[in-house]
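Each of the next two complexes has subunit A plus one other chain: subunit B in the first, subunit C in the second.
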Partner chain A sequence: MALLDVCGISDWVKEDTFSSQKASVDRVNHFNFAALEPELAVPIGVDPAEFLKPFTDCEDGVEGVTIKLKHGTTTLAFKFQHGVMVAVDSRASAGSYVDTQLFKKVIEINPYLLGTMSGSAADCVYWERLLAKECRIYKLRNKERISVSAASKLLANMVANYRGMGLSMGTMICGWDKKGPGLYYVDDNGLRLSGNMFSTGSGNSYAYGVMDSGYRYDLTVPEAYDLAQRAIFHATHRDAYSGGTVNMYHMQETGWIKVSQEDVGELYHRFAAEKK
Partner chain B sequence: HDSCSFILKVGIRGKDIVVLGVEKKSVAKLQEERTVRKICALDEHVCMAFAGLTADARIVINRARVECQSHRLTVEDPVTVEYITRYIATLKQRYTQSNGRRPFGISALIVGFDYDGTPRLYQTDPSGTYHAWKANAIGRSAKTVREFLEKNYTDEAIASDNDAIKLAIKALLEVVQSGGKNIELAVIRRNQPLKSKEIETLVAEIEKEKEEEAEKKKQKKSS
Partner chain C sequence: MKEYHYTGPVEHKFSPYAFNGGTVLAVAGEDFALVASDTRLSEGYSIHSRDSPKCYKLTDTTVIGCSGFHGDCLTLTKIIEARLKMYKHSNNKNMTSGAIAAMLSTILYGRRFFPYYVYNIIGGLDEEGRGAVYSFDPVGSYQRDTYKAGGSASAMLQPLLDNQIGFKNMENVEQVPLSLEKAVQLVKDVFISAAERDVYTGDALKICIITKEGVREEIVPLRKD
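Let's look at the complex of A and B:
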């Protein structure tokens, strides 16, 4: 209110008292793309990273009292002449305990946008669902679908507010928009990279090895499916924290299609048979 | 009582060009003409002319400019003309619905090109509504000029860039005293930043055309 401003009270009155009415009237929330308004309340005077240290799995941690965040994955995506290939495993592990072999690590934001998840499952699921909500709102407000670069930028901005607070998220945003196929890597530090090939998670080095040795831009569609599947399979074979099934998506001009969902055990036997 | 509401502004949306024409008000002898800016760029591809209180316009234009850059930063794309118009309209509306404040006393004509190359022209008013137009006028005698535009805005009339510019000048000349000195023009072409336009030659052309038309009519009457 103008009177409050004149009296100089708004300087020290906190936002969560009655003057929050001023805040919601003045703040143009529907133009900030979820960047300015923090979604999670952080207690004042507490550094979340320091607070969590004794309870998480690190050197300063207290013996026997650790929260083992769900970690461990292999995901990959690469661009080629017929669009973007996305392949992920489906194991969710907590330390050495396998929570489930059927975890969905690809979130289908809209028929032209996909997001992959690696790192802490809780963080990924939460932030990517929030991203999906922002994408839907963007489409309603602007009457056209959000671009891949804008969607990845929104996610990067959202998590950059919580930098250093212990988020763990490595994701790839893939889609097809007016500018053509798009592939961006976004992680919990707010890093955002555009590129032709990414692999994230604990098994990413194995996936990179297989992908790099077989990748060409002019792959045919069946060759690309085979390459993506093999890369994930070999990562699940050697990485303890990856496994379950290989979920594969193909992002085309007309939207994404789910190519296959195959158990790695069956893939093992198929590839072994090929060798003979 | 600001003089800006007495100035006529015309906006025309062509096929590959958008034109903003403004009546140049005569300034006092000792006043620097450069400081009276009526057409303002909000971004490289969008500009705005306003009628009303200049001081209010300054605030709105500043906020709009910041929002254009903020959008580029957050979304990595330039604003669409509709987006920035919606932002300005929302800003105006908020001031009609909060205590201790009065509404912004300006109407604005916002022109520009979207990222995909479509030309746009929007008008906002102090209540916070906005509408898209093919051609419009605000300010002094806007009604007369709008009627002229309704009669003369056809697809042939805006077929080429020069035709669109001429239409804007003709519309202004309906009300403004003749002469290039009294008209200020700004054009935006697709993928090109805002430019001020050379008036003199075009005004001379229009005068010539008018004379030729009058001649033809005379000949018809006599025959």
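Let's look at the complex of A and C:
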């Protein structure tokens, strides 16, 4: 229970054979409502990444068994004088099939923290939801909101336990805390970087090109909105695995606001009209 | 390029998965939800059963459709039903559709490294009585939608639904909200088309209609070839 964890006297309560390093159970325990560590079932004696390869990668693996997992994206975030801009596309593809054009790739952890998702959809959704739970517990225990640095560290440490097992997650944790605007990049290897500008996903190179050419720290708010939107739009135009709509969020001192959600097709006509 | 005349040694390994076919579809309306599935169970070139529906009723307001590997579908539905009972006993209330969807996401992700080969779609009514559809990938990524097709004929059905329910790629069209009668008719038409072109879909169509009165079922025959 929560208080027991904080006091650190959980040894005599229940000796769990589950080690906090890698998950060493081959089936999930459904009776653990408040598991201390997330228990994921791992096939014992087999390298998980190699085990899954014939089923996810090959076209004709085993008589038509192809487990297609949702993937692909472009996301970006940058800091500027008025806070942090976050923009993402909304396409989720499973193999070559576009599963949905309206996938939410920004998770609203709390009114002062946002997480973006790129890579495998399920990995991002699960770990960021777990992060949201940890942030909430932190707030309840310490009576103050978690810092962006601590939140990103929690996420990085959670996935570092599963390093090499085939997780695919590239995320940016953006927020506003006592130290001002915060932006961290966290990925499935446990890499965690602080910075002023990041873009992740299959379309990131296209987004970087547009962002780098228009970025200044002293952008005005409308200019920043325009830059973020253009960068994602151009990435969706050229990257097959990005598309759908451009979702934009602005992280301010008073929390985040959702700026807009515009279909890429309409943006295309708007930008084409501007050129004339 | 696949080699058609490979003559060397071939390794045959036991595969824990099989593909049993089947298509599932769910549509959410203003005050109703539909979950429909065909009833054919196949494997390779054989049909195991013509009466194996893929919709499972979970509560009075929620139905789940599961297609993919039938063994995993059965185990997964058993686990979901057990978890529903546990929730009812601990909290003295039934799980809402949104809660079931969130729980299914964590159940599926618990097997991230040895996935359930199941494509799930949950259809039901949310707490305000409006229709809700939640679609999943095999490892637990999910989203609330208005309509979704899953399973072997999903790539054929989804574009048609995008056009007819989502009014995509149509201009100057009056966007009338979908009525229950129209939705049921659309689902029947769409499955009849899928049965024509997908070998794994056919035999019969079972539609579960969820309204505030409860869950009603309708069975419609499809092509048996």
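Some notes on this structure:
The rule is short, and it goes like this: the second predicted complex is superposed on the first by the 226 of 276 C-alpha atoms of A that agree within 3 Å, B and C clash if a C-alpha of one lies under 4 Å from a C-alpha of the other, contacts with A are read in each partner's own complex, and residues count from 1 in each chain.
Just so it is clear, a residue touches a chain if its C-beta (ideal position, glycine included) is under 8 Å from a C-beta of that chain, and two chains touch if they have at least 3 such contacts.
All figures in this text were calculated on a predicted structure; none of them were measured in a lab.
Once chain A of one complex is fitted onto chain A of the other, the partner contacts of A:125 are limited to subunit C, with no touch recorded for subunit B. In the superposed model, A:51 makes contact with subunit C only, not with subunit B. Of the two partner chains, neither subunit B nor subunit C is touched by A:276. In the superposed pair of complexes, A:149 makes contact with subunit B only, with no contact to subunit C. In the superposed model, A:178 lies in contact with subunit B only, and not with subunit C. Within the superposed three-chain model, A:157 lies in touch with subunit B and out of touch with subunit C [touch as defined at top]. By the touch criterion defined above, A:100 lies against subunit C but remains apart from subunit B after alignment on the C-alpha atoms of chain A. Subunit A is touched at more residues by one of its partners, and among subunit B and subunit C that partner is C. Note: residues 26, 28, 30-31, 33 of subunit A belong to the subunit B contact set and to the subunit C contact set alike, using the contact criterion stated above. Contact residues of subunit C toward subunit A in the complex are 2, 15, 17-19, 44, 69, 79, 82-83, 86, 90, 105-115, 117, 135, 137-143, 145, 148, 154-155. For subunit B in complex with subunit A, the residues that touch the partner chain are 67, 71, 74-77, 80, 82-83, 87, 90-91, 94, 98-101, 116. Contact residues on subunit A toward subunit C in their complex (touch as defined above): 26, 28, 30-31, 33, 39-43, 48, 51-52, 54-55, 60, 62-65, 67-70, 92, 94, 97, 99-100, 102-104, 120-126, 129, 165-167. Of all residues in subunit A, only 1-3, 25-26, 28, 30-33, 35, 142, 147, 149-150, 153-154, 157, 178 touch subunit B in the complex they form.
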